[in-house]
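Paired with subunit B in one complex and with subunit C in the other, subunit A is shared by the two complexes that follow.
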Partner chain A sequence: MSILGNRVLRREDPKFLTVGGTYVGDIPIEGALHASFVRSSLAHGRIESVDLEEAVAAPGVVAVYTAADLGLAPLAPMGLLNQEMKRPLLAEGVVRYVGEPIALILAESPAAAVDAAEAVIVDYEPLEAVVDPSQALEGGVLLFPEAGTNVVFDLSSEEDPELFSGCEVVVSQRIVNQRLAPCPLEVRSAAAEMVEGRLRFYASTQGAHGVKDELCSALGLPPEQVHVISPDVGGGFGAKGGPYVEELLIGWCARETGRPVRWTESRSESMLGLGHGRAQIQQVTIGGTRSGRIEAYRLSILQDSGGYADVGAVLPFLTRQMTPGVYDIERVEFHSRSVLTNTMPTVAYRGAGRPEATAAIERAVDCFAAAAGLDPAEVRRANFIPKASFPHTTAMGTEYDSGDYEKAFDLALEMAGYDELRAEQERRRQRGDRCQLGIGLSSYVEITAPVSGGEFGAVEVRPDGKVIVRTGTSPHGQGHATAWSMIVAEQMGVPLEQIEVIHGDTDIVPRGGGTGGSRSLQLGGSAVHKAAVDVVERARRLAADELEANPDDIVLDRSLGLFHVAGTPAITKSWAELGAASLEREGEPLAAETDFEHPGSTFPFGTHVAVVEIDTETGQTRLVRHIAVDDAGRIMNPLLAEGQVHGGVAQGAAQALLEEFVYDTEGNPLTTNLADYSFISAAELPSFETAFTETPTSRNPLGSKGIGESGTIGSTPAVHNAVVDALAHLGVRHVDMPATPERVWRAIREAKGAA
Partner chain B sequence: MSLELEITLNGKKVAAEVEERTLLVHFIRDVAGLKGTNIGCDTTSCGACTVLLDGRSVKSCTLLAAQAEGRQVTTIEGLSPEAGDGSDPAASERMHPVQRAFHENHGLQCGYCTPGMVLAIASLIDEAEPGTLDEEAIRLGLEGNLCRCTGYHNIVAAALAAARQTGAARR
Partner chain C sequence: MIPAPFEYARPSSLEEAIGLLAERGEEAKLLAGGHSLLPLMKLRLATPALLVDIGRLEELCYVRDEGDVVAVGALTTHDTASRHELLRQKIPVFSAVAGQIGDPQVRHRGTVGGSVAHGDAASDLPAVLLALGGSVVAVGPDGRREIPADQFHLGFLETALAEDEVLLELRLPVPAHPAYGFEKLTKRAQDWAIVGAVAVRREEGAGLGLINMASVPLRAAAVEEALAAGAPPAEAAERADEGTEPAGDLNASPEFRRHLARVLTRRALEKAFA
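Take a look at the complex of A and B:
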């Protein structure tokens, strides 16, 4: 019987439950200096002077650095982006957002470092700040005057004036996909030390190899001189996808001083220093027939990139690929411009560009249904890309691998009891109840492992029978140790307890793409699978030699983990025996390494149904049910897959109802800690109702697609649509996210006023 | 200014001279060297630093170490010392019911909020009148413990499972 598809409990758990994980800040390093940063308190300004005198003289201070001391080249933006907008590691002459690092203190204790940072006096000449991306686009205030524009990435073209011609119903809506703070529970933390002439760097990251590459590039070091280790990582959600300037500087400091250096930010610092997510202003227009057929759709985006050109600037590229979502729409247009503003740079955040696409099309479909006077469920059903047409190439040129959108949709509606919910809604409306019911739908498709590049996997059998698996993925909660063990156990017939999974050490794992974009299972899992298959093949040949038989006659009894000649199961060779035999006969371990590349990204999909109750007198909104039917191809471990969905749904609901990172018009951040930022809690959520349909992909041997971000992508528009749906009979057509009580209350008031 | 403190930490007396402003969480992590207790914020919002003080859950970032003078503090390392450090499966069988329920219900992912969550739930169950804890009470009781990974679904399931075992769950 296959172990795959079973609810195998996590092998990782006992350590976390008994003594806790070992995060970067927990690693003991003798004699380490502590770093702290002097950060800009101004959103935009020229640095007139930095007075370090008091800080340098403060007790315990070992060194103080500003940009002039570094001698490091500024970081160039990614290839697709405007190359004029380079980022210095410490602010040079100009600050471009509140929180930008200006100086770095090294001291003998964390307290001494923080005290000294506070003693640094920065004199600024304030410059006008631009916070609104629409104003940034106009270019009245430029962050890089030499570039002559704030536009960092442009995917716009001429609009087709005929796009909606012939459409009987056309609706437009402006939608704000607000700025969010990713908020992993573990903030950023780094430590570095010189060990035998090499830089050893401890990173809280989603990929040690990426950190290594960037350290090498920023500090001008050859790869063999850098060793990156990522121990346990307390969440990333995309925002720990690559190292930040602070982390690169910790590496620089260890080399500069020859002493170990460590840094752990505070949460308040993290809110200003860990990249933000989303931050798109969208304009949608959708058109079709009165009977509900969608014929044309246009999405125009203004992406807020923040003060520098980081990952966020390029995310519209992913939004673009997913523009029409699950619908078969003939005419589709996409435009986007990413602009710099005087705010924290934006980066990837769970979904990274795809939730924004889904939010836009799913709101648009509801707006269209409302304008046509149709049930949003019927409009969706009438426009799904049919099952028979996969692989399907959309009007944007994206090739979806496999799908059965109606199946997931039907199951979600059935689980929700959709018709009964509508009846209950109608009863409440008829009675004029204070507490109204809203039902929100979202049918999504997303792209997982969207960035090209393979993944490393290796399997080695030790002479004691222990199996060592090395992976280039970088789990930080996803449970790869358990899932990869299951994949290997399945192929080799060894018990899970005999398998050890190693990741996050660039000296032990030669290559790796890390974990992000829901890539791990389909690439890393497939690599491990392939390596296990190869090891079995090698072992078969060894067993043939040992048993003096033809390799073709050797079978692996997976229930026992023993090789024997077909027909004579009494004489066997164990994995341990073959592991030893390989060393003896061939002088090398019984092992296989592979780099798995897939022929294309995969496209998981599903339908979420959210049910909200709204107190129409106070605007108080409560998510009372959330039904998620997700299809990520073959599910390796439902327990882990559900866990991914649960977390994603909570983050998605948080965006719809609660969370927003807010700046005032001068670029002062207003939500700089977890008291002011509405991080969603257990008290604001129900238990979720989840199910999977399984439509396999042919793009990897496991038949699996990514599941890490689907929950967020599917849930946000479902909850958002539910809020508007609850108020539709009052005349409300749209409420921007987060649908806070105040916003909902105002929307009701305005609709009443208009009526 | 510094002062001398003695705190009973997981059953062992730990004495040290510390700065007056030392928070309990820093005493636990930096003086006693127990790294299972995590710090997730600076506004007493997240609960990652939750420990038991004389058996009841407190946020150790919100107390001065001095306030724990002469008292009993239990951290995740002390909840079921007989369960070891997770490396021995046989010992792990002896985890506290809340720890076991977290394992069986997949109540943790990255693990950062976990020590605080486990202790908060242990305290919630311990303090509840028998037969009273339901999902709503658990959700309200955990409002001060934030998790970014699990969406709380399996944490609540684990808490309910553990509460059923001890008889605290609503019948």
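Take a look at the complex of A and C:
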């Protein structure tokens, strides 16, 4: 019987539940200096002077640096982006958002470093700030005047004036996909020390190798001089995809001073320093027949990139690929522009460009259904890409690998008891209840492992029978140690306890793409799978030599983890014996390494149903049920997969109902702690009802797709649609996210006024 | 963030605490549960030179039956208040409200005295104290004095307590009828109220406290008057925002707060008179 597909408990948890994890901030480093940053309190301004005198003289302070001291070249944006918009590691002459680091202080204690930072006086000449992306697009205020524009990335073209011609029903809606703060529980943290002439760098990251590459490039170091270690990581959600300027500077400081240097930010600092996500203003137009057939769809996006050209600027590229979602739409148009504003730069956040695509099309479909007077469930069913047409290439040119959208949809509706919910809604409407019911649907398809690049995997059998697995992925809560062990156990027939999974150390793992874009299982898991298959093959040959038989006659009894000659199971060779034999006979360990080539992205899908209750007097919304049916191909471990769905749904519901990072018109951040920024808690959520359908992909040997972001992608529009649905009979057609009590109350009032 | 440097003292008696306050004046701050003060210090919005930690003064931890008044010692935690048998029986509104403050962590550290002394209009207990028509007892170098609840809150985070006074206890009159109504609208379970209303039955009519409707905790005097004059609750509740000056912030505009005050007051009254 296969171990795959079973609810194997997380091998990681005994440690986390007893002694706790070891995060960067926990690593003991003798004699380390502590860094703190002086940050801009102004959204846009010229730095007239930085008075460091008091800070330099403050007790415990060892060094104070500003841009001029660094001698480091500014960081160039990614290839696709406007190359004029380079980012200095410390602000040089101009500050472009509140929180931008201006000076760095090294002191003997964290408190001394923070106190000294308070003593630095920065004199600014204020410049007009631009916070609204639409204004940024107009270019009245430029963040890089030399660039002549705030546009970082442009994917727009001429609109086809005929796109909706012939459509009986056409609806347009402006949708704000608001700015979010990713809020991993572990904030950013870094430590660096020089060890035998090499830079050893501890990173809280989603990919140690990426950090190494960027340290090498920013500091001008050859790869062999840099060693990056990422210990336990307390969440990243995309925002720890690459190192921040602060982290690069910690590396620089260790080299500059020759002393170990460390830094762990506070939550308030993190809200101003860890990249934000989403931040798109979308305009959708959708058209079709009165009977519910969708014929044309246009999505135009303004992506807020924040103060610099970071990853967020390029995400519309992913939004574009997923524009029509699960629907078979003949005419599809996409436009986007990414613009700089005087706000925190945006980066990848759980879903990174794909949730925005789903949110747009799923709201659009509901608007269309409402305009046509049809049930949103029927409109979806009538427009799904049919099962028989996979692989399917959409009007955007994206090739979806496999899918059965209707199956997941039917299951979700069945679990929800859709017809009974509609009946209950009708009863409440008839009675004019204060508390109304809303039912929201969202059928999504997303893209996992969206970026090219393969993954490294290796398996080695030690002479004591222990199996060492090395992976280039970078788990930070996902449970790779459990899943990779299961894959290896399945192939080799060794017990999980005998397997150790190593990741996040660039001296031990030569290459790695890290963890992001839900890529890990399909690439990293497949690499480990391939390495395990190769090791079994090598072992078979060794066993043949040892047993003086033909390799073709050797079988591996996976239930026992023993090799024998077919037909003579009494004489066996164990993994330990073969591990030793390999060293003895061949002078090298019994091992295999592999680089699994990227075989093309996969496209998980599903349907979520959200049920909300809205108090129509106070505007308060309560999510009372959430049904998630997700299809990520073959499910390796339902426990891990459900964990990903649960977390994702929580974050997705939070976007619909609670979270928004807010700036005032001058660019002052207003939600800089977790009291003002409404990070969701368990008390606001129901118990989730989850299920999987399994439509395998042929793009990897495991048949699996990614599941890390589906929860977020599927849930937000379901909850959002449910809110609007609850108010539909009152004449409400749209409420922007987050659907706060006041927004809901106003929407009801305005609809009443209009009626 | 890390608070600015400060000295720390842990007096072993109330007397010693008052002595320290008298000696150091405005640069000293009492520390009780720390759940209002420490966040301010971490953001360096408060930078006291001396913290006088009264957190372990047993003499301030009590709930005493005095017949028609229940005296609650300042250091009683929200959690203790929410579970205390005597309070639950005689003044159920107080235990019920205390049991809904913040989250379990906050309720185990936060104290009723700190809650009232901090003077935050968004806090729940001051509104209860107002609705009940209670008072607080303060002790200073010159002895003790009793301050009626509606004379205690003077302005934004400003109370009638002198620099060298310690809030000793809350005095809660036992209401005519145990029925009450408490309604608060929060973003998340653990958040402060966007707006809240507490209604307590009186011999005639009801006492009404409002949460977060001005820079200080408020009594909905117009509603109390209307009720006393015999208006039905729904009608009286329409006057809940009279005399209020609600702030506008990320959670609500002043206009929405006024609306909420009326709705929540009506609901609180409906419950109190159910």
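Throughout what follows, the second predicted complex is superposed on the first by the 754 of 755 C-alpha atoms of A that agree within 3 Å, B and C clash if a C-alpha of one lies under 4 Å from a C-alpha of the other, contacts with A are read in each partner's own complex, and residues count from 1 in each chain.
As a working rule, contacts are C-beta pairs under 8 Å (C-beta built on N, C-alpha and C of every residue); 3 or more make two chains touch, one makes a residue touch a chain.
Just so it is clear, the model here is predicted, and its values are computed rather than measured.
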item: Partner chain(s) touched by A:675 [first = subunit B, second = subunit C, both, neither]; value: both
item: Between subunit B and subunit C, more extensive residue contact with subunit A; value: B
item: Contacts of A:123 with subunit B and subunit C, given as first, second, both or neither; value: neither
item: First, second, both or neither for A:647, with subunit B first and subunit C second; value: first
item: Which of subunit B and subunit C A:742 touches, first, second, both or neither; value: second
item: First, second, both or neither for A:234, with subunit B first and subunit C second; value: first
item: Subunit B versus subunit C as contact partner of A:266, first or second or both or neither; value: both
item: Touched partner set for A:138, first subunit B, second subunit C, both or neither; value: neither
item: Contacts of A:399 with subunit B and subunit C, given as first, second, both or neither; value: neither
item: Which superposed partner A:662 touches (first subunit B, second subunit C, both, neither); value: second
item: Subunit C-contacting residues of subunit A that also contact subunit B; value: 266, 268, 673, 675, 681, 683
item: Touch list for subunit A against partner subunit C, complex; value: 110-111, 114-115, 118, 266, 268-269, 617-618, 620, 658, 662, 670-671, 673, 675-676, 678, 680-681, 683-684, 740-742, 745-746
item: Subunit B-touching residues of subunit A, taken from the complex the two chains share; value: 9-10, 12-23, 25-26, 183-187, 232-235, 237, 266-268, 476-479, 497, 639-640, 642-643, 646-651, 673-675, 679, 681-683, 685, 687-688, 711
item: Touching residues (chain side subunit B, partner subunit A) in the complex; value: 35-46, 48, 76-77, 79-80, 83-87, 89, 92, 95, 99, 102-104, 106, 108-115, 118, 135, 138-140, 142-157
item: Of all residues in subunit C, those that touch subunit A in their complex; value: 1-2, 4-5, 42-44, 185, 187-192, 194, 250-253, 256, 259-260, 263-264
